[in-house]
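Look for chain A in each of the two complexes below; its partner is chain B in the first and chain C in the second.
Let's turn to the complex of A and B:
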């Protein structure tokens, strides 16, 4: 009786902890086998890199322009117009776009588009027993499949952050033009408020987002099981865990960056 | 005309999705769906048990984020007591709907694709048709009605989670403003119509996510691998639609009128 109640209460928690632990182990294995020679993953790396770019460029473009125009663009412009200070929108976009929404929209799109594709691909190989076949042939799946995806997703997420940033600011420009204001003051306040710390913080953050997404999605793909529903279920869980992981990490990172670099908060 | 093939494919599938969604909406609107009200209630129960906690969790994290940014931003412009303005607008108007849409797409949308897709490839949907049950009505319309029954309440509770998180971040963590001062500004910068607009935004996102999920799941093909691919594909469309709805909602509800208690 006590035993069964305890099982009901603690088994989900235990499974969750086990899964997180397994992902940490996979991260460690991935990093060590990425650094240790030989390096057979060059071709796969390039093809995954191009694959992610091909899938993501259009959804990311639409998403960032929409987000930049709607959330920080229209709402902040409305607020600033009340004070007759629409030129400050440029300065606000440094905070909104570089520090916050360009990174997380990039992460959402990469997890939702490239991450799900990776999970579906690896999950398909798992249930066709191709991964087992690889191991029998003496090919290490971590080195040949996970490492190139891990590196490609890290690089592509970091680069896409710049892309998202450009189109996010384009959303801000649209909001300025909607209010019939000139663009000169927008750019002036944007560039006086922008700082290098903000930019490297943003790029570093998204690169680590890419790492989280790659590990979660590869792990879920490689452990897919359970017949017909297995791969779909794996994609479902992968994207949920990736979103939660990315946002939790985002909170900690932003918090630390803001608290340790007070100079980026000074308005100019 | 090589370059026209991709846009033409998109247009074709957009038309097919619209046709399918129109069918489901028609079945709910004409109240045919109440023939399977038991199944609707079962789906509502599944939605409550499996998805609410995750949705509230994501909204909570985003609320913390809004609070932190608001606190530091208002400190940087020399008005730390006004952090409530940023938190109120950021939470209620923008990021709670977005977070809700993201988690709906991730948890509920892909879940529906995986479930219906596996039914399709194991020929369970054909079996339903053979038994004389309208499969779209039984599988898709009930899910849509279930989400309309449950999600408004889930969404309102999610707003509460976001507000609580912002309060924690601004008052308890950064602590530049007192609790009373924060809430004074926070409640002044929002009113019931804002809440209704935010709810409409969230519900439109949820409806689209459920419909897209039903389409991709119902039309899955190509074995277990096909289900995985369909799940991944549905996510692409969901993310784009969530962002577009967010933008259009902002434009329609707050574009011409900031609805702020200050200024002329």
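Let's turn to the complex of A and C:
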């Protein structure tokens, strides 16, 4: 009786910890498989890279412009206008767009569009026993399926971060123009506050977001069970876990970056 | 009621529970009648559970070399789980699986991938790769594991497809094929590397009786031609009568009896007799 109550109370936690552990193991296996020869995943890497670009470029464009214009753009501008400091919007965009929103929006779009497609694809293959068949045919699914998706998603997420930065800042430009202000002061404060640390920090962070999304989505796809319903469940769980992972990692990464580079904290 | 009487009642209840537990395996003699050949695969006291659901509960079983063996048993007794253990897709919680003298659970990943090249597996629905046509599906193991030129690969693939009656379907995608065709294509892919051991996971499921009979004939013909240890998992007694040379009857995660087919069909074990006769009367009920 006591045991069954304890099981019921702690089983979800135990399962969660087990899953996190399994994902860590998958990460280790993926990195070691990527580095160890042979390297049969070139073709699959290119096709996954192009697939992610094809799926994500438009949703990301719309999201970043809309988000940049709406949230840090118009709302921060409304606030800054009160103090007659609309020129500081450019400086705010370094913090808002480069450091936080561009990586976030990129991760959310990549997880929601490309990540779910990966989970659904691998989940369907798992249900149809294709993954078992691959293993039985002597093909390592980690090396042939996970590694190319992992590398492609990392690269694509890192590159898309720059794309998101550009369109996010474009949203800020639109907000400045909407307020009838000239763009010169916007750019002046933007470049005064921008630093290479912010840029590489942002790109590195987003690249690692891509790694988290790839591992979570591949893991959930490869462990899907219970037919079509199970694949749907796996996709749903993959998105939720990927978001949680990205948010948690973002906190750790950004705090570490700020602690190790305190100069970027100071508004100029 | 006196205290002595209550204690006696308790003792009777405990004894009956113990008896029930013993009764669970009372038909499991575990008898392994000699086949006269070495075992290609051995299960040694294998236990496997998924959560609280115990599937294999001390399985001891041998699959003889160079024979068509059938693992028969009611649904949910762990037959497919057995196949997955043989190729290292699942690992036992306890016990060992030995393939050609080597322990599968003890193998490193590289050894395991190498060992799997000995196997051909026909999965329940063929497990063809959805992104490839039939030719590429069947050619996949050859391209992956051999240095053969494309011309030679195509020659082997076409020969295998012809053997399973799919000569003109090479350019079709798996979703354009019927269930029977997918199974036959899966069979061609399983055989393409001339494996030492071929595993069939319910090859008759979803097929009509005539196609089941034809598939059984095909299994027999190809076994006669190539040899090797063939393992067929099925519930279908007709298929067993047609092709089995060795039978293992599995129930509740253990072997009830195993041995040469003709001896099993004449077994005096009530469970084996009932199951192989497909009789509703006997130890096996709906529970």
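Note that in this section the second predicted complex is superposed on the first by the 268 of 268 C-alpha atoms of A that agree within 3 Å, B and C clash if a C-alpha of one lies under 4 Å from a C-alpha of the other, contacts with A are read in each partner's own complex, and residues count from 1 in each chain.
Note that a contact is a pair of C-beta atoms (placed from the backbone, for glycine too) under 8 Å apart; a residue touches a chain by one contact, two chains touch by 3 or more.
For clarity, every value in this text was computed on a predicted model and none was experimentally measured.
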| item | value |
| --- | --- |
| Touched partner set for A:234, first chain B, second chain C, both or neither | first |
| Contact breadth on chain A, by residue count: chain C or chain B | B |
| Touched partner set for A:62, first chain B, second chain C, both or neither | first |
| Partner chain in contact with A:135 - chain B first, chain C second, else both or neither | second |
| Contacts of A:185 with chain B and chain C, given as first, second, both or neither | neither |
| Chain B versus chain C as contact partner of A:71, first or second or both or neither | first |
| Shared contact residues on chain A - chain B and chain C | 124, 128 |
| In the complex with chain B, residue positions of chain A that touch it | 55, 59, 62-63, 66-67, 69-71, 74-75, 78-79, 81-83, 95, 99-100, 105, 108-109, 112-113, 116-117, 119-120, 123-124, 127-128, 178, 224, 227-236, 239-240, 243-244, 247-248, 250-251, 254-255, 258, 265-267 |
| In the complex with chain A, residue positions of chain B that touch it | 54, 57-58, 61-62, 64-65, 68-69, 72-73, 75-77, 85, 89, 93-95, 98, 102-103, 105-107, 110-111, 113-115, 117-118, 121-122, 223-225, 227-232, 235-236, 238-240, 243-244, 246-251, 254-255, 258, 260, 262-263 |
| Complex interface listing, chain A residues touching chain C | 124-125, 128-130, 132-140 |
| Chain A-touching residues of chain C, taken from the complex the two chains share | 84, 87, 89, 109, 113-114, 116-117, 119, 121, 123-125, 127-130, 140-141, 144-145 |
